[in-house]
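For reference, chains read A, B, C and D in written order, and residue numbers begin at 1 within each chain.
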Amino acid sequence: MELKELYQEIILDHGKNPRNKGRCNEFNSDAEGYNPLCGDKVHIYLRVGKYKEVQDSSFEGEGCAISLASASILTEIIKGKDYNVAKKIIEDFLNMIKNETKITINSLSDEQKTTLMSLSGVKQFPMRVKCATMAWHTFNTALEGKK
Amino acid sequence: MNINNVKSEFPILQEKLKGKPLIYLDSANSAQKPKSVIDRISKFYKKEFSNIGRSVHKLAVTATNRFEETRDLVKKYLNAKSREEIIFTKNATEAINLVASSYGEKFIQKGDEILLTELEHHANYVPWHFLREKKGAIIKFAKCNDKGEVDVDDIKKLITSKTKMISVTHLSNVTGAILPIKKIVDLAKTKKIPVLVDGCQGAPHLPLDVQELGCDFYAISCHKMYGPTGVGILYAKKKWTDILPPYQGGGGMIEEVKKESITFPESPTKFEAGTLQTAEVVGFSESIRFIENIGIKNIMEHEKKITEYGIEKLKRNNSVKIIGEPKDRGSIISFTIKGIHPHDIATILDDDGVAIRAGHHCCQIFHEKIGVAATARASIGIYNDKDDIDMLCKAIDNCKKIFKI
Amino acid sequence: MNINNVKSEFPILQEKLKGKPLIYLDSANSAQKPKSVIDRISKFYKKEFSNIGRSVHKLAVTATNRFEETRDLVKKYLNAKSREEIIFTKNATEAINLVASSYGEKFIQKGDEILLTELEHHANYVPWHFLREKKGAIIKFAKCNDKGEVDVDDIKKLITSKTKMISVTHLSNVTGAILPIKKIVDLAKTKKIPVLVDGCQGAPHLPLDVQELGCDFYAISCHKMYGPTGVGILYAKKKWTDILPPYQGGGGMIEEVKKESITFPESPTKFEAGTLQTAEVVGFSESIRFIENIGIKNIMEHEKKITEYGIEKLKRNNSVKIIGEPKDRGSIISFTIKGIHPHDIATILDDDGVAIRAGHHCCQIFHEKIGVAATARASIGIYNDKDDIDMLCKAIDNCKKIFKI
Amino acid sequence: MELKELYQEIILDHGKNPRNKGRCNEFNSDAEGYNPLCGDKVHIYLRVGKYKEVQDSSFEGEGCAISLASASILTEIIKGKDYNVAKKIIEDFLNMIKNETKITINSLSDEQKTTLMSLSGVKQFPMRVKCATMAWHTFNTALEGKK
């Protein structure tokens, strides 16, 4: 049952066919994340506009289904969002994983919220939490680089 | 003791996790402990405990005797020449650090070469890396071939007049390859180069005779030998213990302490600073007894049978790729499944009660070489049987089902 | 838990040795373990054991959690600012060696001075001696006065612009003197000199707040805190853990390993190489709970009462000379008897079931100073009571009878 | 009972009033012994004649009753003995302590044998064995210096 919550259809889909893989055009900020425990890596690329809106985002990296799905969903959802909104989404997501709170932000559609929520199954698997969060922390670093 | 009903000696293997029996295939990481070891530790604390070597009261005498008896047992088990050659450390990592530090300080100069292999565990690389940083030593890695083995010729090629240490694993914790230690030592002897053997995976699974192997140093992790955590062993030839400087300083390892100078006693005292892992060392005596009761030959045979059964069965699964096919191998099976990352494998297997390890197994050099960041690894111990392998295979099928492969 | 019936929690104190109850007065050497600690270790091996931090299976998760929970407990107990400041070592000796080695490597140059006291245990001298040998550092010893105390003024006198480390004991394991750590730290801060406190005898007997003490490093031996052997703790301010290089190298303490270079993670991981003392650390969580259940204030008060009773009673014996009369003292009473060597005292006391220690207690500098090669030492722990002191005194009378004094 | 075997009258006597303390006249060989465990020291002085006979022997040192008595008895018994006889007595004594064998050598009187035997009580006290044997090992070293 828990296992099914972890490996939901949507995760398996994003894990197998991750969106936004590669370097996005004319990126102007990037950051790398690394998990020494398993050797997984992620590299986030952003193109941030002059109003600090995230015009494009993508990633490169190797990893498990959870980490690929997480990076894929992350880049998909934040693309086009304003700096502040992006920050809030990241904060909300990390809180959800850590403290089991709900995603509250208004600027997401219900579908997007459901997609994000699909990653919350990882809470039952402490050793896998980092797989789900690494891309988000790295994204945050890249975003800060453009503050 | 018969190896076929040895499982019952391990309390944890009687446990159920979330209603499922525990199939423990992670012994190369750390082995489970038989009841006799666990009970020995309790009994020691309940009836015999005291700090050793320092006080003259009866408790101290008993504790000291129990501790030193273990040293004698280890000496005999390894067929070391003398008890001075058996040094207790906190783990194999510390044993290797001790040699790298003490030997390195005295004998390694800028430009000297240390010869490792691409199969080494980080424990047998990082300590030498420190010497590279501090002393300007050079580290060379002997090639690991397609089968996951290291050939003695590939070591030979790298030896120069600057080679000051050859440090190699006895049994790879990833590919399972057993290295030709005797040949390496023979080669090294002709060039007067000392050889350290990382015996973490060798000691629990192979018959050991350090005099026959002829190596200068042999490092052991007791927790992989069905013993307590917190203890390791460094075997070091007397020739070295006599001349190497002490490693850590403190109580117990001194001879005379004055304000201007300090003198040190002989080995093993010289290398054992501070209060030792008394209860753990005493507990470890029961691990040796346990292994001796079953017989290391029987253990090898049994593990070989189970490993071969496992390899064969896994090979029949088209999605599974086994990492390394060494001719001479121990009971370690690393593998990948096409389309499923090892961490996902480990998580799904765990849900079926099957405990394996996924990752780089502290061997990033090897994983970089084969171009794979992580592998899954099933490692077989004394208590595993064919049923465990069947459960492993079933759980792998479940992985494939979940990932629709 | 009431401190007056705490004895019953210690299985070994229910034992008889040659028909006599055990009067254990050697806790400064190593303390006995309560049932809860012993049972926790057994339970861990029987139900929860696995190597920590490396595997993703359930057992590994549980074991890792139990281990890291202990780090949190220790952090809270010491009132450290963050868990990165709590590093597990194999004993206090290793904790001090770690600092001497890592700090020394980076910050000590030829001619730099390290300031110790004449009261230091060898564990807080030999590691600095190594730096003297390797780096040409100078070691200075602050004077211990007639009462067996170290005055902050005697430390002040020795500070120069070359002083790079002040390393002092919290509580002398011979005279029982409690050093004025806060004053020493305040003094050192004005000169920007780091302070290491050897807390081996402090931690089991005094309330601890490392932030209030303000020291840079604090070293602890868990086995003296009613915990398992094989574990020590180094508290190190984050300011230092951030910049000090790693000590031992191996698995678990790396970030990325390549053939040419290696990077390291943050503390505590950076300083914890290889398989840790998993079961021992987990067991130690019960020691902290045990101490907290009784309350360190209650422990102090109790031990003070027993110690004062002991000193008074021993003073009434004309042949007994108590070594050191510090104003601020812990529960340690060292003494000599005119005409009887301490080893003879210890042997005869032991025959009456009274376990004390005789010797230089790893403090040769102090013993040389007072011109006595050995003293006898009774050290009082949580479980001792006035009856134990009465037995001690009776046994001392027996010594005198045998030696016809 | 065992304790009484250890602290026999004769031991207490030698411990309190050790014979041959100090440096003997015109000594021509000496050696030092040290027990790092307890800090006890012994310094043996010998005058060995041209036929390798032990003309005089003495010791300096601090230590417990056992170690003082042992050094006292040792120097007393060996004084005047030939090199080979001295070696044999030392060997016999150390064997007695280690292997519980008896003193067999003929060149000792019954009284001397009894005196030596009085030190054998230490066998029941393993942590004290070194107290009884250190002087003997040191004596041996000094003797070897004159071989």
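As a convention for this text, a residue touches a chain if its C-beta (ideal position, glycine included) is under 8 Å from a C-beta of that chain, and two chains touch if they have at least 3 such contacts.
Bear in mind the structure is a predicted one, so any value in this text is a computation, not a measurement.
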Other chains in touch with both subunit C and subunit D = B
Moving only between chains that touch, what is the shortest number of steps from subunit A to subunit D?
-> 2
Between B-D and A-B, which chain pair is linked by more C-beta pairs in contact?
-> A-B
Rounded to the nearest Å, the gap between Cα centres of subunit A and subunit C is 47
Distance between the centres, which are taken as Cα means, of subunit C and subunit B, whole angstrom = 31
Please work out the Cα centroid separation of subunit A and subunit B, and write it as a whole number of Å.
-> 39
Indicate the residues of subunit A shared as contacts by at least two other chains.
-> 37, 125, 127-128
Per-residue multi-chain contacts in subunit B, two or more chains | 54-56, 60, 254, 256, 343, 347, 358-359, 364
For the complex, which residues does subunit A have touching subunit B?
-> 2-3, 6-7, 12, 16, 37-41, 62-66, 125, 127-128, 131
Report the residues of subunit B in contact with subunit D in the complex, numbered from low to high.
-> 53-56, 60-61, 64-65, 254-256, 265
Within the complex, which stretch of subunit C touches subunit B?
-> 11-12, 15, 17-18, 22, 24, 26, 29-30, 32-33, 37-39, 41-42, 45-51, 54-60, 90-94, 96-97, 100, 105, 121-123, 125-127, 129-130, 134, 139, 141, 221, 223, 228-232, 248-254, 256-259, 262, 273-280, 343, 346-347, 349-350, 354-359, 362, 364-365, 368
Interface with subunit B, subunit D side, in the complex: residues 34, 36-37, 125-128
Would you mind writing out the residues of subunit B in touch with subunit A in their complex?
-> 339-344, 347-348, 351, 358-360, 364, 367, 373-374, 402-404
